[in-house]
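Just so it is clear, A, B, C, D, E, F, G and H label the chains in written order, and each chain counts residues from 1 on its own.
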Amino acid sequence: MIEIRVHGRGGQGAVVASKALAIAVASEGRYVQSFPEFGVERRGAPVYAFTRIDDKEIYVRSKIYNPDHVVVLDPTLIEAIDVTEGLHKGGWILINTTKKPGDFQEFCKDFRVATVDAYNIAIKYKLGPKASPIVNTAILGAFSKISGVVSLDVLLKGIKEIVPIKPEENAQAATEAYNSVNFKEE
Amino acid sequence: MIEIRVHGRGGQGAVVASKALAIAVASEGRYVQSFPEFGVERRGAPVYAFTRIDDKEIYVRSKIYNPDHVVVLDPTLIEAIDVTEGLHKGGWILINTTKKPGDFQEFCKDFRVATVDAYNIAIKYKLGPKASPIVNTAILGAFSKISGVVSLDVLLKGIKEIVPIKPEENAQAATEAYNSVNFKEE
Amino acid sequence: MSKGKIVYNRAKDIPLNAMSVDTMLFNKTGAWRNVRPVIDYENCICCMICWKFCPDISIYIEDDKPVIDYDYCKGCGICVEECPKKCISIEEEGR
Amino acid sequence: MSKGKIVYNRAKDIPLNAMSVDTMLFNKTGAWRNVRPVIDYENCICCMICWKFCPDISIYIEDDKPVIDYDYCKGCGICVEECPKKCISIEEEGR
Amino acid sequence: MERGKTMKLSIPEEELVLQGHLACQGCGATLCMRYALKALGQNTILDIPACCWSVIDGPFPHTSVKVPLFHTAFETAACAASGIRAGLDALGRKETNVVAWAGDGGTFDIGIQALSGAAERNDNIIYICYDNEAYMNTGIQRSSATPYGAWTTTTPVKHFKKMPKKDLVRIMAAHRIPYTATACVGYPEDFIKKVKKAKEIQGTTFLHIMSPCPPGWKSLPEETIKLAKLAVTTCYFPIYEIENGEKYTINKVIKNPKPVKEFLERQGRFRHLTEELIEKIQKNVIDSYNGLLKKAGLDLEVHVKE
Amino acid sequence: MERGKTMKLSIPEEELVLQGHLACQGCGATLCMRYALKALGQNTILDIPACCWSVIDGPFPHTSVKVPLFHTAFETAACAASGIRAGLDALGRKETNVVAWAGDGGTFDIGIQALSGAAERNDNIIYICYDNEAYMNTGIQRSSATPYGAWTTTTPVKHFKKMPKKDLVRIMAAHRIPYTATACVGYPEDFIKKVKKAKEIQGTTFLHIMSPCPPGWKSLPEETIKLAKLAVTTCYFPIYEIENGEKYTINKVIKNPKPVKEFLERQGRFRHLTEELIEKIQKNVIDSYNGLLKKAGLDLEVHVKE
Amino acid sequence: MKQVIMGNHALSFGAMISRVQVIAAYPITPQTQVVELLSELCADKRLDAEFIKVESEHSAMAACCGASAVGARTFTATSAQGLALMHEMIHWAVGGRLPVVLGNINRAMGPPWTIWTDQNDSLSQRDTGCLQFYAQSNQEVLDTVVQAFKVSEQILLPSMVILDAFALSHTSEVVDVPDQKLVDEYLPPFNPRYILDPKEPHTFGGLTGPDGYYELRYKIEEAIQDSKRLINETGKEFGELFGREYGLVEKYKLDDAEIVLIASSTIASTARVAIDELQEEGKKVGLLRVRVFRPFPSEEIRELLVNRKKVAVIDRNISFGHGGIFAQEIKSALYNCKDKPPIWGYITGIGGRDVTVEHIKEIVNDTIKSEKPEQDILWKGVKL
Amino acid sequence: MKQVIMGNHALSFGAMISRVQVIAAYPITPQTQVVELLSELCADKRLDAEFIKVESEHSAMAACCGASAVGARTFTATSAQGLALMHEMIHWAVGGRLPVVLGNINRAMGPPWTIWTDQNDSLSQRDTGCLQFYAQSNQEVLDTVVQAFKVSEQILLPSMVILDAFALSHTSEVVDVPDQKLVDEYLPPFNPRYILDPKEPHTFGGLTGPDGYYELRYKIEEAIQDSKRLINETGKEFGELFGREYGLVEKYKLDDAEIVLIASSTIASTARVAIDELQEEGKKVGLLRVRVFRPFPSEEIRELLVNRKKVAVIDRNISFGHGGIFAQEIKSALYNCKDKPPIWGYITGIGGRDVTVEHIKEIVNDTIKSEKPEQDILWKGVKL
């Protein structure tokens, strides 16, 4: 079983990211759960969403405390909260930022760090208002690349299914992120 | 334990009669229950009320099926319903009527019959509207006499306590009925 | 279906959902009455105002005349009061 | 009573009836912001319209001037929009 | 039963209320139903919340109406009717009239929310409130339809009702439903006409019917119709209608109102009122009637000649 | 914090709402509370049913208001307030203001019965409804305050709201309470004046406040005040007051209304409206405004210059 | 002072001598006399209380909650549909820790419309956390109102004082209305630590996450468990002052009984007569009356029932799909005990069907004759 | 068709494929997506139903009752406070024999305000006579709606389909939405014998005295008992058609278990993992999931529990003043059996406190270690 936590801010689409990933994975016949943090979401406030993936039916229905990977939609969150809380040693932290993985030395010890400039990719494909572009699909492309949890093709299908507007642009953004993510290949 | 059933029509005060009797008896330190038929009362429709009297605390709280005595506030009820239902053999049937006990041969076999012209007594004391005088206190006077369940004095106290208007006239009516009730003394 | 009083003696005869049928006629409310309205047909102009205002549907029309149904008339006196010809009188029921 | 975040560690410390005290100040909503309003005091006429319309009570008055409290300002932009002198500008928070 | 009838009656002959029902002698509420069903006809479903009519109808397994009747919870006259309407519509039975039938308590107080909701949605139901100005079924407690000055068991003589009657008609008019009207058992022809009108209208219609109650008003059973008429002729209860919440029509204009005292003095519930209080009530009655005349665009002002 | 302040402010300085609350960016409802408490002052008890304010206030054991606040069930803003009032009166604490504070859903729909009841009894409470025209706390469902034409999650674009907004002010006026008024977060001075007026009145007072909501209206957070003002200047939401259900005063007469389109086009919830529908809305807005002018006895008829 | 009064008036006088400060209530048969008398008492100034004549029972309970939260002693009364309509607000009073006292006249639930007694209305509230006292006489009704305030205000939970429709509510009998001075001695003024007070502002009932909420619920259970002690103590203290003692349960001729009959409300009262007659016939039977159903007196019941031979429970109620509610809870309470007797669960008297001495004797005799309980529900009196 | 959908949408699609004809509902967190999706389905004409956007939950249920009485298939959904507000009308649907199906998202009751899950809202309705199905997955939510209509319409009683807040309601997972044709085969149109119909007029729910009322209640119990058979049968039939079988209870690795863990809803789902791990550790434990709480599957539970060594019950609920409700009813069901195991009654997860595999294992291990249940309530996870 793979457990993933997505960090974002209210309005950035963390839940959609989590669900798009789930849909993509499910289309391959695997089992998934996707759920938001259970609570009140306010635009701008830190929020979480979760995805569970397994090859057999998933019965566990408690929350995710020890994710295998973490995705961070908004770099400013890193100061506000502890995005690595409970993260498995060796897990991926994928951050939407213009910085490079090496700029996150504090994470590099225990985890694998990847970065992608999803913000500018989203702007490029006109996803969301320019002031607050919707980066969730782009970053999933990057996640596909680094984690191998789901192939890009399958991911793009999932994205097209769940994203109500501009499905094509979203898919392109994901692809571009897939290709531009910064990480140390192993 | 003595159990009494009062028959009347909605609006004739069967409940008040039952309660006045109970109050009177209770004033002597005896135990009582007084309760109406459990249901919807409509003016003119046949109704019942009940009184239980005992020297010790009364625990039984079911209805009264086999009264020791029956009081009938309205003679027309005799045709409409079976006023003797469940009545103990040898119990009193006291009827408000201008007729004499002998006119109720059907009852005389198993029961003791008494009659009193409570109607005209009530009119005389201006109790209730002339078209439908309130006979309940008058007939209690008669009941006191025949049954000996409660003395006239004590009864009059009870009546004065419960009757909101014309307590004096009600007491006088009861007294007159006490003195004019028709029955075979034993 | 019979229009008389219905008495169910066993649970299994009772419909599931407290379903009633139009059988209140079993309930002869004439017994509630202590006064009796009587129409004086001499003066009656058959205006049917008494019929119109009877809350107990106890005046019916027969041969263009109002007839009181004493099985149900509760003796409210509305017909007496409303008759424009004052031709309904009230009598006491025997006691 | 302390105005910081209250954390009860045991049932017995909790009041019986879900009783709260005025301590929301612990919640620095400045972290919600992704844009930052900045007042240009050169042009500011100190009309206090920005203060009046801030839903987050994040503009206070100091020495007759409006001051933005970035600990709480959520960056809604109302002050920017309503300032009659257009002297509040918006800046992006670093990412 | 009506054999050999040739004359013309002023109201329909068909009876859909049976004899043998459990109303008190001289009950106005029963007359209301008798008239309403004459106007509605057989293709009608009634729903009735707790009120005197839950008893009048008769005990299980008996009923005294010849149309389907759904007894519903006290608060739910309007919403149960909305449900019935939706059910019928879903099943294609669109021609059946759905009538919510409730007392003043079930309408002015505990049922007003559901009524307001149905009115807002403009659900296609007819709502008829028979108003006897108190909770009668439970033994005469004040409702918000109880008029100023009245005694009830919860507004004892020493503490008689101090609040005026809630102006529900104005409230319903404020909902801008297609049709709101008042009527009175004293004037069955008018009432029946209004029910028929409501029947033709798509949307929520509301009828408010003055309905005397001898035990509750402490009046004589034989005076039910007299009182009903006095309610109108004293202007205590004007009969009028409002279309789309805007257009007022007074169906019976009272140019020379009788003194309201004639209405009040026949009722035990007002026995304790002093001359002064009666004066006050009189003034209110005439003032609001004149207000109504104005709303109806009538250039008329009435007063009581004594 | 306000050090060295010498200028005159147009609204009271005292803040009884704390920073750190959980409202969205640009929330009108929060401004409402901020202004209301400025007018009410410290000696006030609030009761709040389910609505955005149940969240804005903050999580247990924290609160962001400096007056006592009683969170109450959704249907019970008015009756809980009546209870608080009665309790205070019984204990001799008569000077404390009791304020029921509810959203439009809690007022127009599920709470209208309790409100109507309190109004009928004329209980001495101030009822403030902040109207964001939908159930926002649960994620934007239609309420009966949702205007004609609006999208909500339960009135999807294909089936946008077809019923007009319930005219609650008229309904409350029909209750003849001493004071009913509308106000708007765009005009805090006017709002505060009205709250102060309500405070002085014995009996039920009702304030209806237009309160934009960026996520619910799909509007920009920074435009909350602009929209609030446009609601008034387009005559979409006139600000006026009614005394004793009769005397209308328009506090801000709009002689040259702006086109309602200016108000609508800034909101995603109206994005699907065709020109035709906007025209229809425009006509309704102006017609009812002219109706209001008439009620207020003003000899004026306005129209939109385009 | 001794008076012959109906149960509904006993309830009203109970509220009066408890010096309630706010009443909010709505009429319903068979409770109407409660509100009527209270209206009069307020109009007469015999009772100095604010009476809010609300527009529904839901509002009644909400108003009581509001009034209680500012520190006023509050009372309401209802029955059946009215109680059901209060349901959400009974939860509210519990969660809000507001010691409102509610009189409920047990009446069967509609539909069909009915006004006669059974316990389904009050027992449908058993999971709310509201205390439940079932009275067997008008005297007990009155006495219990006073005790309920005393207990409720210490543990900050609401109480329900319950009486049978008609069999108590409309039955007049002798009731001793205690001297006000003595009552004042017994029942101190309500003076909760936290109230809605601008001088010390607090917010009550704000949004609470799993952290906090769980603990708050735990504390409710703590309080209601504690009320067991308090009910016995205050019932005893009441006995000392007024000569009538009360507890969670009442034993009647139980000491040597091999067979224990368990009943509540007026059936328990009538059952005394049945027990008398059965004992006269030489049968080793005794009666256990459950006076308090919430909190459920599990400890007392365990103590009194282990080592008995048989137990018969009479339920004038039914939880459809499981059975009689008293029987169910008694079984649950005894379950983990050793030497527990088999339990026969009878249902009777639903919807006001009369329960006579003979019926009760039949139930006991059936239990004596029967080897083991053949069914979960043993129906009595239903026309099969 | 397989879709990744949240529990709330599973509920809506369940209603859609059941071809509901009237919906009346009111929004409440965490149920809102149900009404939102249904609004859309109606607007899109994917579902041909009348949707009454009522002004309260009380009205929602009343409208459903009215619509059901004319013969329409009706559906509503709610949660917590909304369900509580429906309370009177749930009784109404039962007494009126109206097979409304109600989706309820389990959310803890206020105050304080809270939106997280526990079972107190639905279990507070346990005495109404409404059937209660507790689902453990979104698939089951959808499937159960269809089955609930089938069962309810045969016995003429309402059903409640219950799912945990967030853990199901907001959690998306793979759900197979069955083919409409197949569903139509399975679920015939609603066609009750008696409806409100001017062509055959009847009055429903008129005033009923003890004669009649008692018998009518008896018939409700008869019907709900009969539903046990039906639930198993229709669940089996469902399995035949759709490949997923359901019953009153579900056994998991129970056969040789000496120690039986009993749970419901999502806790039962998570508990499977715990059981797997415990069995791997060599412990003789198994899981019994109670899927249907009303009617209470007493017979099944008796059959499966006698002769076991120990039973541990997890309750995410509490009846204040007695204890966990599942434990209570299980004890009651087993009471008169021979060779019954002792029962440990645990309470946990109240107000949405998360229940993990570790918590459940701890509960089982505690039970294994413990000699006998020392207390009526064994609290887990509360910060004492």
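As a convention for this text, a residue touches a chain if its C-beta (ideal position, glycine included) is under 8 Å from a C-beta of that chain, and two chains touch if they have at least 3 such contacts.
All of these numbers come straight from a predicted model, not from anything done at the bench.
The minimal number of chain-to-chain contact steps leading from subunit C to subunit E is 1. Traced through touching neighbours, the fewest hops from subunit E to subunit G number 1. Centroids of subunit A and subunit H (each the mean of its C-alpha atoms) stand 35 Å apart. One inter-chain figure worth recording: subunit C and subunit G are separated by 46 Å, centre to centre, where each centre is the mean of the chain's CA atoms.
In subunit D, the residues that reach two or more other chains under the touch definition are 8, 10-11, 14-15, 18-22, 29, 32, 74-75.
The multi-chain contact residues of subunit G, meaning those touching 2 or more other chains, are 53, 55-56, 58, 81, 85, 88, 92, 95-96, 110-113, 115-116, 201-209, 211-212, 215-216, 218, 352, 354, 382-384. In subunit F, the residues touching two or more other chains are 22-23, 25, 54-55, 57-58, 60-63, 65-66, 71, 73, 75, 109-110, 112-113, 116-117, 120-121, 144, 214, 221. Taken together, the chains touch in the following pairs: A-D, A-F, A-H, B-C, B-E, B-G, C-E, C-G, C-H, D-F, D-G, D-H, E-F, E-G, E-H, F-G, F-H, G-H.
Contact residues on subunit D toward subunit G in their complex (touch as defined above): 8, 10-11, 14-22.
Here subunit A touches subunit H in the complex through residues 19, 22-23, 26, 31-36, 38-40, 58-63, 65, going by the rule given at the top.
By the touch rule above, subunit F contacts subunit E in their complex via residues 108-110, 112-113, 116-117, 120-122, 144, 163-164, 166-167, 170-171, 173-176.
Within the complex, the subunit G residues that touch subunit D are 95-98, 156, 194, 201-206, 208, 211-212, 215-216, 218-219, 223. Interface of subunit F with subunit D (complex): residues 1-7, 9-11, 13, 15, 17-23, 25-28, 30-31, 34, 57-58, 60-66, 188, 214, 220-226.
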